[in-house]
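Right after this note come the structures.
After this come two complexes, each holding chain A, first together with chain B and then together with chain C.
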Partner chain A sequence: MSTVTSPGAPAPTAAHHRRMTPAKWLKQNLFSNWYNSLLTIVFGAFILWVGVSLVRYLLHIDTEIIRVNLKLYMAGRFPNEQLGRLWLAIYIAVAGAALLARATALNAQRKATEAGIGFSSRSNWVDVMRRFWPIGALVVFTLSFTETITPTVLTLGAAAIGLGAYRIGAALPTSIVRRSWLIPVVGAVAFYLALAGFGGVGWDLWQGFFLNIVLTVAGISLAFPLGLMLALGRRSSLPAVRLLSVTYIEFLRGVPMITLLLMGAFALGFLIPGDVQFSLFLRILIAITLFQSAYIAEVVRGGLQSVPKGQIEAGQSIGLSPWKTMRLIVLPQALRNVIPAMVGQFISLFKDTTLVYIVLLLDLLRAAFVSTYQPEFLAQGLDAVVLPFAALYFWVGSYVMSRESRRLEKKLGVGVR
Partner chain B sequence: MTDQTVFSDATQAAGTGETMIELTGVDKFFGDFQALKNINIRVGKQEVVVVIGPSGSGKSTMIRCINRLEVHDSGRIVVGGIELSDDIKSIQEIRKETGMVFQQFNLFPHLSVIDNITLGPRQVLNLPKGQAEELARELLIKVQIPEQANKYPGQLSGGQQQRVAIARSLAMNPKVMLFDEPTSALDPEMIKEVLDTMQELAESGMTMIVVTHEMGFAREVANRVVFMADGEIVEVGTPEHFFDDPTEDRTKLFLSQIL
Partner chain C sequence: MTATQTPKGTRPPFWRNVHFIRGVLQILAVAIVVGGILFLGNNLRSELIAKNLPTGFDFLNQPTGVTIADSGFSPASPVWKALLAGIKNTFLLVIVGIPLLTVLGTLIGVARLSTNWLVVKIATVYVETIRNIPPLLIILFVFNAVILQLPPPRDPATPLDWFVISNLKIIGPGFTALSGAGIFAGVFVFAMVAAVIAGIWRTRYSERTGHPDHRALWGLGVFTGIMVLGYFILGRPIRMSLPVLDGRIITGGYGGLGAYFAMLLALVIYTASHVAEIVRGSILAVPKGQTEAANAIALSGFQRLRYVTLPQAFRIALPPIINQFLNFAKNTSLAIAIGYAEVTLITFQLIGNGYPAPQLILLLMLAYLLFSLTISILVNILNRRLQLVGN
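This part shows the complex of A and B:
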């Protein structure tokens, strides 16, 4: 390609490009010889055809089905008269996230100050917008299908609460900032109580996209520590622990996730003796956690192996115990090394939450699909509308996660060798 | 260092005469390969012993046995009066008293220079943070890079990294320092700064065992030079004896190859 610039002389090339007329550019890049011209024409025609079809389709699309079923997609059959609880839970989640973000920033600031390094606390809004605009766009897109002003007002309320919590977060006492893990723990309890406490809505009625999000967040929060323990167990010097970990990991990795979901939904009741009854939601969450933890264990194991032996020896030689060597030296480096793989695993967990379709949990995908069976929408080819609609939510979530992972990688890459 | 006595017997310690490290009949196998064959050596307090020899001769293995980075198969190792055994306590005690500097520095890349140095004192000696940092800053002045305290290892030159590694070991206030080819991974222009730091340390009375190929350092700083080949101690002597008048043929051959 002519756009390849030699690193030695970037300036003249740039000037050269600026002087190039469009006709010249076309000739050089698209019609330089007969087969290039042929490829340009064929692919040009194909792209044009796809583009025109798409535009025509989008112009004639009837989004009535989305407008009617938006609540079904987002929250399933969550009782309408209890929707206030759902909004309260969302507010708690938003406030918790904002507080956690502030506490993390404060922690970084404190560490930097103690080390005597300058710290740019420009956690400006431009930066936040640049990072999370796809989610913002998705929210606006979702709100465009609402029929009353109420959801928009309530969403603005969530935004206000997020901003407010971030502001208030500045006044968090140091004792809490140092223990920032308290925020998600307290937040999770409050979140649950807001939804299910005091005669509320139990988790078997947590549905729609809300269910996908809850399963993802809960799945990651449970599977990560379990996977970490399994990875450490696999390297343990105790043969029994090692054998147990290896067996667990290899067994669960060798089984399709759908099998586990079906087992969780239909077989677990027979396997567990006595009258212990878990709700379907819990059984599915357990199945997802067990499955994902085995994969996370393997990702962490890769990270542990990537840390050079000399690091362990250096830790030992200054007298650190094996556990402290692991916790303070090996693990931080191992986990940093596997951020991309780990986030990849989280993204796949997020998308795999749609597999609950198979056990009849009404997640976003299932809600989208069943809505096409409603009498007024039956057999009108509306799958072509609702399936891309559902896919969009997963794509945005995955995209933002993957961008955040790259950002984290860069940020933590400070001390690379 | 001006002691002219010829120590042909490795168990005759120099320094103050008080024994700091003693290896008796130490053997070490890697599978069928015998890396150490009946090693007997005694290192006195404040003595500097330089170990030289061709690669694969067991030099590194020997000093790595002293702080249990390698497990010896038979024989006794006593450091500062503590006998090394399978008991994890004795291992921890000896590691606390023994600093080690590696060929590849092995600094912790995810920690700043100061955190690298304070990690041991804080986690093992339970020193409060402020005190540990004060100690770290003093040591950084000693190795002449106080301005690098808040940088990360990856931002330093090899010579600077190795000096941080020395400071990290010294922060544990060890009685013995082991150096495993500390300058072999360095660019030539950085070797001197590290050797200078080591020489200062030797002059301050630290007991040291140094595995190195730096013959100049051996000649100038060592009380005794130990020559190893094929897992055995072949010859031991003062630098003068060793470089000017070696007795063993293998020593002569080795010296003729490198000098």
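This part shows the complex of A and C:
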């Protein structure tokens, strides 16, 4: 307990650090007194032990199972002869994301110019690299297990398309920049058509890590409008609407996500009339959407509460209707403030998409698990290889996003004002 | 909300009356929801009848056909008993897990603020790694790569002769109750009451005389004294029992299934990483002026933590930590993936045995909901008492 730094203790300054010799540094940070020395020795031995075991583990690892099953992990049982569609969909997603990023930047620039505020639009590639390098490293790591050159070439193509779209985005007409929500909507339709349209692959075969990503993005996108309505309902002045919203939100927040997935898998079929049949993917997506909307409602409610009351009164005093006050004054500020918390919700859903394991959808976790039951890999203790491999994908995604969330929080100054 | 006067002194039409609009909107909202529920309920009813499943809850009295590992549960028992057995197993995880994760999380959170560089780095790597991995993946890893790699049940490991460890079960020293154990439980309650009374007396004494109270010391002393005295007077009614291995049968000791320990270990590791962040944030959130004030009145480092920083950090940390406890309780449902028989797995098996899924899942949700709401209400009461007045 007594090793806690007190916030009031004099912190070593940067200049102090520069003049410090290694011996001094050791003395100050590792051996400042007897219990710190003891801790250093104990934990040093521990680190040594962990390091040695890790190296021995990595030396004896056999990555054959990953090389054989890489496609199963990434795309599940997506038909091999249709894989071109999957790449096309990835290209559409990459191009859409790049265009949206450019449009958002242009939009901010336009608004700043209209308001007469200076705005620097220079894109700092070093900064982007520093923020997103783990994802790049993960892609390279994944490609290192491929057996042909094709995936590498196609991935380079995706990178080229992304950069190209970002360049072309500068020439987007103002009419589209003003309506930048068009880009994701059109992109989503094109994405679906590329995969499933014209005799393609329906969503029942969207599997592997691809499924985790689709479920996360679709789940949050679909749950957001519902969550926004619930949040407004919870703050409504109409008691009946408030009661209904609170009941829905608190009910879903009180139960584990698995119960919702079980409902989606086993009970949702009972609720829709007999002749209509929803596929398992769709039922699970509905369950995830219902569940997430309750959490998003709470996130948005936090944003609504963060808007000072004076803003609403200002709206009323210039004669705006309640609806217009909400839409033009409260919501823009509230939604801006909840961006970091929404990223947090996105991360949590990204991790929770692994729960579809339990209802037998073939996501990355399930794919990793079933691969250890293939006859040639059976009972060799390969769980210790494939599970950390799967964990890496979730770790990189969550880690990068959580860093982004912290950066946004600082940038937006949430909670500072 | 008085109606504005129109030039001729007539009132505006009734449909522009605010009360009317509010009433209509609310009736509309309720009508849509009730209509939706009736529609879905009707579908549910006809689908259940079409599939020849019961529409009510009478099936709760029928035999389960479910076996629960490591318990004397018979498949002929009614369904509701199986669900209760599942709830009991869920509680076994929650009750043991919460103290463990609190201790581990607090230690790691404090370690992240240590003055020792190595300790800070280790704690940071732990938190940043574990927090960003799905809990289900951790559970599967611990179960498949750790617990199942233990020796098989026919040849278990027996370290120190105190434990019997196999990949099926882990048994350690336990207690056996002899005659007089019931009276000893009474002695335990009496000792607790006596300790509290001693504490109150010491507080009064300290307030009267100004001497230090040493409440904790006195309370502990009284409790230990009475317990030790009672233990020997009653002729040692509770004895330690070590697990004894005889072929493949283990007698004595106390322990549980490997799946139970896998759940416990994995979820404690996962949730502790979140608790650690809360603890760290709460300690940092105590205003700097408080520390400076403590230094100004010459409190020692320990006193500063004990009397100034930690009590305030605790007040900040309590709501989010309770939230993590609830997350832990809800995450116990992941045990379905490794076959530990808690309430979700039992429900899953009952659905597999042909019992109607909609009713069972509704019951399952209500069980979790009841638990969550109870905790939430308790926390709200506690929180109201802890918050600063006028804040």
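By definition in this document, the second predicted complex is superposed on the first by the 379 of 417 C-alpha atoms of A that agree within 3 Å, B and C clash if a C-alpha of one lies under 4 Å from a C-alpha of the other, contacts with A are read in each partner's own complex, and residues count from 1 in each chain.
Heads up, the rule we're going with is that contacts are C-beta pairs under 8 Å (C-beta built on N, C-alpha and C of every residue); 3 or more make two chains touch, one makes a residue touch a chain.
Every value quoted in this text rests on a predicted model; they were computed, and no experiment measured them.
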| item | value |
| --- | --- |
| First, second, both or neither for A:S321, with chain B first and chain C second | first |
| Chain B versus chain C as contact partner of A:G199, first or second or both or neither | neither |
| Partner, of chain C and chain B, that touches more residues belonging to chain A | C |
| Touched partner set for A:A267, first chain B, second chain C, both or neither | second |
| Contacts of A:I329 with chain B and chain C, given as first, second, both or neither | first |
| Touched partner set for A:P375, first chain B, second chain C, both or neither | neither |
| Which superposed partner A:E313 touches (first chain B, second chain C, both, neither) | first |
| Shared chain A contacts, counted only where both chain B and chain C touch the same residue | none |
| Chain B residues touching chain A - in the complex, by the definition given at the top | 67-69, 92, 95-96, 98-100, 102, 104, 106-112, 114, 119-120, 123-124, 149-150, 152-154, 165, 168-169, 171-172 |
| Chain C partner contacts - residues on chain A that touch it in the complex | 1-8, 29-30, 32, 36, 39-40, 43-44, 46-47, 237-241, 244, 250-251, 253-259, 262-263, 266-267, 269-274, 347, 351-352, 354-355, 357-358, 365, 369, 381, 383-384, 387-388, 390-391, 394-395, 398-399, 402 |
| Chain A residues within the chain B interface of the complex | 115-117, 308, 310-311, 313-321, 324, 328-329, 332-333, 336, 414-417 |
| Chain C residues within the chain A interface of the complex | 22, 25-27, 29-30, 33, 40, 43-44, 46-48, 50, 110, 113-119, 122, 128-129, 131-137, 140-141, 144-145, 149, 283-284, 286, 288, 291-292, 295, 301-302, 304-305, 309, 330-331, 333-334, 336-337, 344, 347-348, 351, 357-358, 361, 364-365, 368-369, 372-373, 376 |
